[in-house]
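By written order: A, B, C, D and E. Residues from 1 in each chain.
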Amino acid sequence: MTTPFLKKAAMIGLGAAIGLGSVFAAQAQASEQYLPSLVYRTGPFAPSGIGFADGFADYVTLINERDGGINGVRIRLEECETAYANDRGVECYERLKDRGNGATVVAPLSTGITYAVIPRSRRDGIVLSTMGYGRADAAYGRVLDNVFMVPTTYWSSMTATLSYIAEQEGGWDNLRGKDIVHAFHDSAYGREPLAVLRHYAEEYGFTLHEMAISPPGVEQRSVWQQIRRINPDWVSLYGWGVMNPTAIRTAASMGIPRERMIGGIYAAQDDAVLPAGSAAVGYKAVTFHGPGADYPIYEDLQRYVYDAGLAAGDGDLTGTIAYNRGLINAGYIIEAWRQAQAEFGEGRPSTREETLWAWQQLQIPESRTEELGMGGLMPPVNITCENHEGDGRVLVQQWDGENWVQLTDWIDTNRELVEPMYRESAMRYAQEEGITPRECD
Amino acid sequence: MMFFFEVLIGGLMSGIMYALVALGFVLIFKASGVFNFAQAAMVLFAAMFIAGMHGDWGVPYWMAIPITILLMLGLAWIIERVVLRQLVNQEPIIMFMATIGIFFAIIGFAEIIWGSRSRTLDIGIPDQPLFIGDMLFQQYDIVTAIAVAVLVVLLLIFSQRTRMGRVLRAVADDHQAAQSVGIKLNTVWVVVWFVAGIVAVVAGIVWGGALGVQPVMVDVAFKALPVLLLGGLTSIPGAIIAGLIIGSGEALAEVYLGPIIGGGIDNWFAYIIAMAFMVWRPEGLFGEKIIERI
Amino acid sequence: MAEQASAQQAEQALLSLNNIEVVYNHVVLVLKGVSLEVAPGSIVALLGGNGAGKSTTLKAISGLLTGERGEITRGTIHYNGENVTHMSAADRVQRGVLHVMEGRRVFEHLTVEENLQVGSYGRKDGAAAIQKDMEMVFEYFPRLRERRKSVAGYTSGGEQQMLAMGRALMARPRMILLDEPSMGLAPQLVEEIFHIVTTLRREEGVTFLVAEQNTNVALRNADYGYILENGRIVMYGDAARLRENPDVKEFYLGVSSGEGKTSFRNVKHYKRRKRWLS
Amino acid sequence: MIYRESGQFKKSYAADQAILPLRQDQVFLIGALLVAFLVIPMVASNYVMNALLLPFLIYALAAIGLNLLVGYCGQISLGTGGFMAVGAFAAWNLATRTELPMPVVFLLAGLITAGTGVLFGLPALRIKGFYLAVTTLAAQFFLIWLLQRPWFNNYSPTGVISAPEVNMFGWVVDSVTDRYYLALIILVVMALLAKNIVRSSTGRKWMAIRDMDVAAEIIGIRPMATKLKAFAVSSFFVGIAGVLWGFLYLGQLEAEAFNIYVSFDVLFMIIIGGLGSILGSILGAAFVVLVPIFLNVVPSAIGLPLSTAMISYVEIFIFGSLIIFFLIVEPHGMARLWSIIKQKLRLWPFPY
Amino acid sequence: MAANAADVTSRAGSSEVLLKVEDVELRFGGVRALRGVSFEIRRGEIFSIIGPNGAGKSSMLNCINGFYHPTSGTITYKGQPRKAMRPYVTASQGVARTFQNIALFKGMSTLDNIMTGRHLKTKATLLENAFWFGRAKREEMEHRKFCEEIIDFLNLQHVRKTPVGTLPYGLQKRVELGRALAAEPELLLLDEPMAGMNLEEKQDMARFVLDVNDEFGMTICLIEHDMGVVMDLSDRIVVLDHGEMIGQGTPAEVSNDPKVIEAYLGVQEEGEA
């Protein structure tokens, strides 16, 4: 009678001990560049997370297989599952940051996790690459010197959306008297572009209707009934996860023309349109990179990664929006290391200081994106001390039922509007946190 | 006024969809006193298998659906073997926790097989707006409502008119006494979970069609819970009527109250309706009256 | 009781328990080696105070222990010559062993009639035979006929006890394990119930094993009795003989040797309890 | 016979009612505290302190709070996440909008959460059991919705806000070790308070309500006052845990992050740890915090060639299965397992 | 038996009416559980309510302590008529009770159960409890002492720290009595304290009831099926049947009342203890 309990207790204890022990067992390889990858392949937003993680990993594999790494320095990628939860993200960050040669750059992949790791990364001297999410005001480089909003923010991209609408209407003046709905995820994320929208509504005299949709947004009938009654000229959709397809589907069933719905950068993914089926045909969205797989880099990926059986995923997500985002985010990271090596010596892994330096002056002109086989896919980058975003340009794409079709070329954003907004917000943050903004000349 | 009716009808339709999930809870609670949190996971499980078999393996829907129903039988059998049998006569809270365990285990299992990508599930329910006069209806809703009505009638006949239904109610009252007259609890539980599994298949098709099949489908459970409360945990008609009340109440509140207090209120509004109602009548609309004795 | 002897007797007895040990929750030893026998067609009383292990014994026989995290860790139970020690409760019901549990466990939300119907769950001899048996139950318990459409939860304690017994009868039992039928019932009702027990034995040939605290009533109606204390059988014999036993008289019937009945007023303070075994 | 009590006599009621009447337990506790205060900060790595111990300590506090309500007073709550959020946001607003010293901010945040708890505890007088459990989801969803209103995050454009510096009587809690110590001190002190409450008349009233509320009322216990007190105290603990979660652990606040799954996690902790046990709350917190990390790390540590995705699916599956397994092995939690082991040790090597 | 009872009546000296029930009626939906019941309980006496199952005895107790509220009629306690009142208010006025189906707090030890009975006498606030200072500690020790006396009185020393859920039935009944006594009530309601006990346990319980009445001077209202116990212990008895009062008086009077015999006592047998 004694044995089962003691045995079970002992087993549990032993298991826990082994598990904890293994946490410390870091396998270091001196000549490798270590790259942690915080991913969310499970959880409510997994459909977006998987594609990103696959693209990110496949690009790293490509560099290792095709080029033997960056000037011979292979990159060791390690994934950690966050499930989009802040606490697990922090745990991942803490677990991975000192493994291998030490992490030099992290892409937290969620605004919440970004906020949690900003103070930690500043202490550790690790670069944060937050692609379109996180603190928009990090685009003002004087306050947070290690955080980069490459290549765009919600604010910049929204100015581009409005430019597109104005162009469709035949000029800014024609916006007067129009009705524009902003249907948004009722969270800070959805509310973020409101400031920009309100500014434009005032300046150009259209009526802005703010329609909140409570997350996760599995049932939206009543919202779209109201929108239908407004009979808007344009709808801006800022959904996330399951809210996007449900919104598109419900809008379709109410007879709202999809051609006049424009999704924000996180309503531009394949998981926004695929589950909506035929209802999504004609739906437009802005995105900060080219859609599809029609780029030279995909030939290399095919040859060195997919055909070699080294693909991270099942291979069915290549060319999706999320996958492309994974590719370009890895692309930026690797280009920064390349530039660091060019400055501080080739053939050895970059340190944190070197990586930070590289990001702070990161320049990827259009010509370089073409060399990388990502011309038109990867937006050029132009980082200065003060500007941690670059040009913030986006393009408009449309879903034809099978694929995203690129409708426009890069659209310029309204820098005069957004840069003061970044500055103001960042300075307020600096004051709260007691950060002295550094000088830029 | 027309708009009011449109919102009302839309709300009633959403309510039916909530009730469909709540039904599964009711069945299991009624027969085994188990508050089965895993019901939503069963919905996801069913939807994932139907959509996965169709999408990845090219199995036609008319085959994928019966196969999934068989899988639900297998699932019921496994749950009975591995969980319920081991936890006979534990306190309700322990069983509740165990179903949360089942919730994760089922989701994990389905994801191991199908991953967590989103899939489409379209068995061809028409999805175009339909105008009767100026009123907007949706064909999808009408088909759904008819399916739910048929399902409920079948369930009521099963519970009230069949021998197995009577046995289920007996087991619901007193497990041990039921055992003492020779009822095999194991069989009964498999039957109950299987029936709830069939309901989950229907819910999976309907919700999967509306949302796409993806992990977040389980959040539909949080829409179903207030319906369950308001209807009373043990009443099948209660679940339907409560679904209608909550669906329409929520829609009207969203439209008429939402703009005043800042939008996006439907997540909690249903709970507040249910809570307010229960302060007045703690057992819900049709729940069995709680007889307090000493 | 030697093991061989009991194995032999097991052939004659309808039910025999051989050195049964029961442990709850892996730690609490409740029965510490109980052996007893029940002859076919007899009424056997199982007596003893609270916590002596009467209910546990009955549950061990009917197979209802598993639901309460109890298990038989030693010994065997033979019923009708067959080893049923680890058989499921349902299989035992199939063989005619019915347990009427303590506390009148009826299905509260079902009607009286539905309760009886559920009682016939395991039978496969058709609706007509079941209907006939229901009539029989109503013959024995006319009160149930009056209340056949009432919800069982709203019937009185006595009616519930009758319903529980009637429900057991619906399974065509050979043996009924009756746990504390008198508990909480008025004297008149207790008599009525025991009257039905003896009638059922006579008319239907049902064997009874009755766990009772009401020693007096039990021994008046039983053929044979076992007295259980602290998980052990401490005394057994013919009912008549037990009633005459001075120890039983003093401790279970309240008749002290010599004087006859003592008033409750005159019970001594701090009366020492005499124990056979602890 | 490690746990032999013979030879230990209690000479006064006070001694008998001490928190740990057994000498062995006292030794064990002192040992555990010494390890926690002296050994761990010396030997534990940054990662272990930052990513394992800190969330563990904070979750343990929340679990104690919830256990007071569920395990002692018998009122099931699924709103823990919401109440943690209230604590965190109350503290943030107090800290950024006023000049109050940080200890006062902590205390007030706890009290505000307690008040919120009382508000949502009101239906508990009429609604019981699962019905109550589900109605507490109203608190969960409503509070998260409310705290997402821009006022509460001072119109932060992202809605995510950074936690202010924690200054405790001049001690600037900044380094990992500092944060670990602050969380540990708060946990130890509050666990002691909780233990005092549950062994006093208040605790007995709660347990009376839990075990049989009708009988409790008939012997003179006021159900409303008693239940609300439990909601208040529980929410106070949970609120403080929320403050620590935002201020010490994550360093940021985001209402959505305190979602329903946080509530479930804390509920898991007390069920797995043991309802109605302070020690159990702590053990349960350790289990729920460590197991997912453990499951995540093991495959790569032993070189299993699984993709991250597959690992996380398997992890979800195993986590669910482990909960079931645990409930089957010991439905009354690790605390009960511990006391059974002690009981065995007391008699060991004899079986009974 | 009769002589005994007469002897007792003279011993119950006080004629002060502690509780007066006048024309009480109680309805649940269509069922009339009590119909026009009236009686008085005098201070210091042992008063019994008897009757067949379903006669309304427990409903009567539930009315007295405020768990049910009479549909009509009045209950006067210590000269104060009262209507709808929560049970805890009644308890604070000095009414304690035990229950037919044991209503102990199963997860708590014997000692803690009895200590809960004392809580009406505790004044310590939550904060005092949490910090274990001031009244909290002092009161705890005082009450512990009082409860230990009850434990001694009821012979429960050996199960002091045992969770009551695991105790045998007879002991649980005793713990329940202890919990009621701990409140030091003026009126003690005992609902079938001896149900399901063997003779020896009944004798012990009878002794406790008498001692409580004698030594603490508590007034006792008793429901019991065992006629031997009722006749021996009671000063006065009221007989209910189907919610109606069919007889009232001393044990001798009641046991000779033909109406009572017909409805209830009819089949009393010689051996029935």
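The criterion applied here is as follows: a residue touches a chain if its C-beta (ideal position, glycine included) is under 8 Å from a C-beta of that chain, and two chains touch if they have at least 3 such contacts.
Keep in mind that what you see is a predicted model, and the values were worked out from it rather than measured.
J.: Among the other chains, which touch subunit B and subunit E together?
T.: Touches both subunit B and subunit E: C, D.
J.: On a CA-centroid basis, which chain has its centre farthest from subunit E's?
T.: Greatest centre separation from subunit E goes to chain A.
J.: Which chain is most remote from subunit C in terms of Cα centres?
T.: With centres defined by C-alpha atoms, farthest from subunit C sits A.
J.: Write down the chain pair with more C-beta contact pairs when B-C is set against D-E.
T.: Greater number of contacting C-beta pairs: D-E.
J.: Averaging over Cα atoms per chain, report the distance between subunit C and subunit D in Å.
T.: Those two chain centres are 48 Å apart.
J.: Could you state the distance in Å from the CA-based centre of subunit B to that of subunit D?
T.: Between these chains, centre-to-centre, one finds 32 Å.
J.: Once you find the CA centre of subunit A and the CA centre of subunit D, what distance in Å lies between them?
T.: Here the centre of subunit D sits 35 Å away from the centre of subunit A.
J.: When you check subunit B against every other chain, which residues touch at least two of them?
T.: 111, 115-116, 262, 264-265, 267, 294
J.: Can you list the subunit A residues in contact with two or more other chains?
T.: 1, 5, 41-42, 50, 186, 214-215
J.: Please set out, as single numbers or ranges, the residues of subunit D touching at least two other chains.
T.: Residues 145, 214-215, 218, 309, 313, 315-316, 340, 352 of subunit D touch two or more partner chains.
J.: Can you name the residues of subunit B that touch subunit D in the complex?
T.: It comes out as residues 35, 82-83, 86-87, 90-94, 96-98, 100-109, 111-112, 115-116, 222, 225-226, 228-229, 233, 262, 264-265, 267-268, 271-272, 274-275, 278-279, 282-284, 290, 292, 294.
J.: State the interface residues of subunit E toward subunit D in the complex, per the touch definition above.
T.: Contacts found on subunit E: 65, 67, 86-88, 90-92, 96-97, 99, 103-108, 112, 115-120, 122, 124, 126, 129-132, 136-137, 139-141, 144-145, 148, 179-180, 183.
J.: Would you tell me which residues of subunit B are touching subunit C in their complex?
T.: 88-89, 163, 166-167, 169-170, 172-184, 288, 291
J.: Quick check on the complex: what are the subunit D residues that touch subunit B?
T.: Per the touch definition, subunit D meets subunit B at residues 76, 123, 126-131, 133-135, 137-138, 141-142, 145, 149, 214-215, 218, 260, 264, 267-268, 271, 275, 309-310, 313-324, 327-328, 331.
J.: Mind pulling up the subunit C residues that touch subunit B in the complex?
T.: For subunit C paired with subunit B, touching residues are 62-64, 66-69, 88-90, 93-94, 98-101, 105-110, 114-115, 117-119, 121-122, 153, 164, 167-168, 170-171.
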